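In the two complexes that follow, subunit A is the common piece, with subunit B as its partner first and subunit C second.
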Partner chain A sequence: MKAKKFLYSQKTAPYIFALPFILSFIIFWIYPLISAFVMSFQDIGAISVKFVGFKNYGKLLKDTVFHTAILNSFEYMLFTCLLLIPFPMLYAVLMDGNLVKAKGLWKALLYLPALTSVVISGTLFRLMFSEYRTGQMNVLMVMLGLPAIKWLKSKVTSEIALLMLCCWRWTGVNTLYFMSGLKAIDKSLYESAEIDGASGWQRFKFITIPLIKPTTIYVLTISVYAGLSMFLESFMLWAGNSSPKNIGLTIVGYLYKRGIEKDDMGYACCVGVVLLIIALIINFIQLALNGTFKKEDR
Partner chain B sequence: MSEKNSPEMKKGMRVKHGIGSFFATLWFALISAVIIFPVFSGFLASFRPGRELIRRGLSINLDFKTMSLYNYKYLFTPNADSAKYWMWFKNSMVLTLVSVILTLLICYFIAYGLTMYEFPLKNFLFFLVIATMMVPFEILLLPLYKEMTQLKLMDTLAGVILPGLCGASTIFFFHQYMLSLPKELLDAGRIDGANEYYISVRIMMPIVKPAFSAMAILCAMGAWNNMLWPLMIFRSASKFTLTIGLNTLLTPYGNNYDVLIAGSMLAILPIFVVFLLFQRYIIDGMTAGAVKG
Partner chain C sequence: MKKKLISAVLCGVMAASMLAGCGDIETASEPASDSSDSAAVADDAASAASGDSADADAAGSASSEAAPTAVTTAGDPNGTHMEMWSFVEAHNNFYAKMLDQWNKENPDRTLEITFTTYPYGDMHQKLLMSLQTGEGAPDLCDVEMGQVPNIYEGLDTWLYPLDDAMAPYKADMLASRLDAYKGSDGKQYGAPFHVGATVMYWNMAELEKYGITKDDVDAVTTWDDYTALGKKYVAARGEDGKFFTSVDTGGTDWMWLAMAEYGEDWTGGFDGTANVQLDSVKKMLTMQQGWLKDKVAEVSPDGHVDLEAGYQNILDHNIVSFPKALWYMSRFINYMPEEKGNWYITKCPVFEAGQKCSVGIGGTGTVVTQQSKDAKLAADFLCFAKMSPEGEQSIWNDLGFDVCNTSLWTDDKFAHDKTNQYNAFFQDYPYDVLASIKDQIGTVMTVKISPTINEQMCTTTLNEVLEDGTSVDDALKEAQDAVELEE
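Take a look at the complex of A and B:
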């Protein structure tokens, strides 16, 4: 009776509601996160686990394949941010006004790629960028009077293929993020600015950009994270985790290669920890530049 | 748009507006065409023999002579490949249904606790929810994999679903949604003698229904297309989901491409239907995360 009363009291209830989160946090987040750090200092064999201090980190510093992976991931992240923020923002602004007809249709079509799994989209793009003359991209090249290319065999052209895949999948999603951000802006601001004679560009620059900033920061953050931890796109585009001269290898791809394919968990966890540190640093710089730490204005 | 302008101005604006409108619409039509292109050519390819695909890549050549319903017929007649395919399909359905239902319920209750009550650990717990969003899942991949082996959850549905059950963004969304709801409703229920749990289910849940719709579609998309974690956990072919099953068909010899492309097209279908049904909730679902950076 007493136990029941305790469980049903208003003081206990919130803890019972939050209990699944607390359990999940401990079991599936903080414990594996700590193990990632611990494992990164270990040499994990089939039978024995040996503590090796900073040996893995030292090896990682000199590992040129890892350097390639970091560069690839950085490059990919940078370009996806450059492509997947300004354009979706522009599209959202266009969609927000009365300018565009048949909005619903375009919205649904833009969103369509996000519904396909990475297996399907990766396979479609691999076939499109096939090195044969009959692959669509090469047909296009020939139509433009250019020679056919082995798209996925050299750095620059494969990067183009990867970025096109990424833009294809995420432009619609990011556009929707910006559209929902625009919805929250008070329309009367635009009207009064128009009465004061502000041009379309001025209204965009002085009203839209500042007021949509929370959305921009959010999209930027998820783009940075997704860009840095990209793996499956490259995995599917090259139909496996190996690409010529590692042109498609990413940080997570290397983690997978070391941890799962070569069964060197300690070293792979070290890769993971470095990824975490990079992600946190970038996120911190980005938030600092955006003035999130200064004060809560608004 | 401009009732107060003089007739001439109105006309001038309409013309200007008309041209702008034409080009803007044309632009979206063009991007949509580009976006549709890969899916459409995949769709065309699903009517051709897989060998053709390996030899020539995707092509939009509308040559009806080479096209047939063979691949789809093959998938719908009983044979070893189609049996495998529909098993993956069923597994994906089960995984999606179970994980969407459980995720929504659990995240709702967590968010309810964190929103509707004032208690000492409230802010700390909420901070932890946000903190879990700040770490890319891939970092936990290997330790979690090891942990699943120790917990004997390898190759089980529970092993795939459990780690993602308390999704931070889902909790966050429910929290944002419930913030705007009056807490007096709870007190009214208490005066009527209802206990805390009854209130959360019978009074609050119906009010939060739109949030459930918004999150259902996003969670369903995530679960249906989830690949990395199921790829790590599932070992036996009888448990594969569509994503990892289709992936096993990607052999360099291309002998399975008949099933692969037609199967891929069918795999988009269920989630596309869900999308069309819940489309209007998607924006709401996405807004929550972006309200506050």
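Take a look at the complex of A and C:
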């Protein structure tokens, strides 16, 4: 009877329903987070574990490879945001208008790459951008009368390959987000604007862009996060975590290298904590600039 | 206000999920976002790609890339039950074959073993975790050379020393090879498959077209001779894109060879400090820069010859000679079968007469864990399988490795068996070459700092020296600084 009363109580019921989430959140999120933070101050050996204070963080400051990794991740994040927001938005607007025929086909074609595994697409791109004479891109270069290039050995060309892989894979997904955002805009707004004599560009600028802002913020947020946490694309493109002069090393790649490949969990956790702080700062700035934190009744 | 709180929490959660890789948990993050699932699938990727690990020694390393977990149980159901892991299915098939023989010869100590094949990265990770936690490790497990420093770090709290079990076979075994699988306490923790002796492979069919005979090749004893012959070949051929050899930016085999020749070791061994600014390494790199300048050599496509592009380069006859360990023979059989009968094997050139001319590279040091129900029995079986004459015969025939039992190298029935596919493939008998360099095979230790040195070399130093033409001294100085940061 007591149990029933307890379960039916308006006060406790919400907590009971939320319990599974809270438990999994504590076990799989909070605990590892705290544990990672503690481990970042430890030197974790095969048999012994000892506290070393800020030694790991001190080493991180001097670690040029880590600095390279941060720089790479930032560059990648920046370029993906620059490429993966305007273009998908444009495609979505085109797809929403009457200019494009066979919309279903285009949508499917754009979305298709997202269904392939990164492992497979990464391997394919590695072969395409092979420095060997028979690599697809080099065949193309030779056809254009240009010399063959060692694509994945220099910074600029490898960045191109990485961004191509990324755009090929994610343009469709982001287009989908924008299209669903566009669907939510009331069509009568466009009609009345048209009656008032607004041009296509004006309608896009003054109706579409402001009203699609929530979607844009969402896409931007996940793009920032995904750009910073990118690992698999570079891992597959270079067939492993090592790229010439670390041009493809990302922060997460470095974390993986330290933690798993070199079995140095303490240092890896230290990398992880720094990554967490960086990501938090960026996202807070970004969300603040977008006005997400402003009072609702503006 | 509420919204502010929620968005702050959400934002925190999202950023926190980046730590997922660290805490080894899978994330249910936002729906398909720009690669947001990368952390969760990182483990799979590791296993998928690690087949390319430069020193993975087995014939099946490429096929293990995508191989699903294979589980088989073999042996006597009434015997002691054990678990064994490997990262190459061919290894497990070999052990299963040896298990039958063991049970026949030891009816009072029979065994039943469940063999499991995992992808390379997964297996070593699982093993390491189970040793660290003291639970869930198999009785026996293959450990690839590159992973030896990680796994052997736990010494005899993790692993069972094999010294006693190895004693009956030890006399004929190549000592330098056994040393490679010793822990820092001097105890033997791993049993070897092969020597991995580095030899020179020559495409005689191609060389002869341009007037270079076997006698010319046999006459090469020093690197100066080698360079001269290379210039002669390239001049005779006079074709763009055709070179004498290729130098590696993604592998350190050339450097290992140079170090072995001078008796140096950049790791400094178990007690020493690492030093990459060695004369041997400088000489090798300077010589290679010269080759690149004179168009005698090219940089190996994709970094080294043991990759798809490397095989293609050899098939296209873009290079006609290169040094590589004897286990590379299996790559010819598996990936370049059309080259049958074209290739000739000799010992490697040296810098100065009288130096060692080979080095053992790669390998699998199989271990017995302390978690085993009957570690002594496991160790006895392991040494029987990998070191007895019967075992060695099967290692050569089935796996194509250069066995460590030196007495077999000169055994006519073993070394000159015409039905062996490796003997049939090459113009000379691999074991004749091996026997001729028996006392000239050097060792470079694999210790805790090894992965760091290897990585620094393969990602940065070799690329700087061979691709960008940076001065050898500057590049090695930079490498030394990076290595010292880790010590």
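In the analysis below, the second predicted complex is superposed on the first by the 280 of 298 C-alpha atoms of A that agree within 3 Å, B and C clash if a C-alpha of one lies under 4 Å from a C-alpha of the other, contacts with A are read in each partner's own complex, and residues count from 1 in each chain.
What we mean here is this: a contact is a pair of C-beta atoms (placed from the backbone, for glycine too) under 8 Å apart; a residue touches a chain by one contact, two chains touch by 3 or more.
In this text the structure is predicted, and so the values were computed from the model without any measurement.
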Once chain A of both complexes is superposed, is A:Ala92 in touch with subunit B (first), subunit C (second), both, or neither? neither
Quick one: classify A:Asn246 as touching subunit B (first), subunit C (second), both or neither. second
With the two complexes superposed on chain A, say which partner A:Ile70 touches: subunit B (first), subunit C (second), both, or neither. neither
Look at A:Thr215 in the shared chain and tell me whether it touches subunit B only, subunit C only, both, or neither; answer first, second, both or neither. first
Please indicate which partner A:Trp168 is in contact with in the superposed arrangement: first for subunit B, second for subunit C, both, or neither. first
In the superposed model, which partner reaches more residues of subunit A, subunit B or subunit C? B
After lining up the shared chain so the two structures overlap, which partner does A:Ser223 touch, if you call subunit B first and subunit C second: first, second, both or neither? second
Should A:Leu84 be classified as contacting the first partner (subunit B), the second (subunit C), both, or neither? second
Between subunit B (first) and subunit C (second), which does A:Leu182 come into contact with in this model arrangement: first, second, both, or neither? neither
After superposition on the shared chain, which partner residues are touched by A:Asp263: those of subunit B (first), subunit C (second), both, or neither? second
In the superposed view, which residues of subunit A touch subunit B and also subunit C? 28-29, 32-33, 35-36, 114, 118-119, 127, 130, 132, 134, 173, 221, 225, 228-229, 231-232, 236, 239, 252, 255-256, 259-260, 265, 268-269, 272-273, 275-276, 279-280, 283, 292
Partner subunit A, residues of subunit C touching it in the complex: 1, 3-4, 7-8, 11-25, 30, 32-36, 38-39, 41-42, 44-46, 48-50, 52-53, 121, 125, 128, 131-132, 150, 153-154, 157-158, 241, 249-250, 301-303, 307-309, 312-313, 451-452, 455, 458-460, 463-464, 467, 482, 485
Would you tell me which residues of subunit B are touching subunit A in their complex? 1, 17, 20-21, 24-25, 27-29, 31-32, 35-36, 38-39, 41-42, 45, 53, 55-60, 106, 109-110, 112-114, 116-117, 119, 121-122, 125, 128-129, 132, 134-147, 162-163, 165-166, 171, 190, 195-197, 200, 221, 224-225, 227-228, 232, 242-244, 246-247, 250, 252, 260-261, 264, 267-268, 271-272, 275-276, 279, 282-284, 286-287, 289-293
Subunit C partner, complex, touching residues on subunit A are 28-29, 32-33, 35-36, 45-47, 59, 62-65, 80, 84, 114, 118-119, 127, 130-134, 150, 153, 166, 169-170, 173-174, 221-223, 225-233, 235-236, 239-240, 242-246, 252, 255-256, 259-263, 265, 268-269, 271-273, 275-276, 279-280, 283-284, 287, 292-293, 295-296
Under the stated contact criterion, what part of subunit A meets subunit B in this complex? 8, 10-11, 13-18, 20-22, 24-25, 27-29, 31-33, 35-36, 39, 91, 94-95, 98-102, 105-106, 108-121, 123-125, 127-128, 130, 132, 134-136, 138-139, 168, 171-173, 176-177, 179-181, 183-184, 213-219, 221, 225, 228-229, 231-232, 236, 239, 252, 255-256, 259-260, 265, 268-269, 272-273, 275-276, 279-280, 283, 290, 292
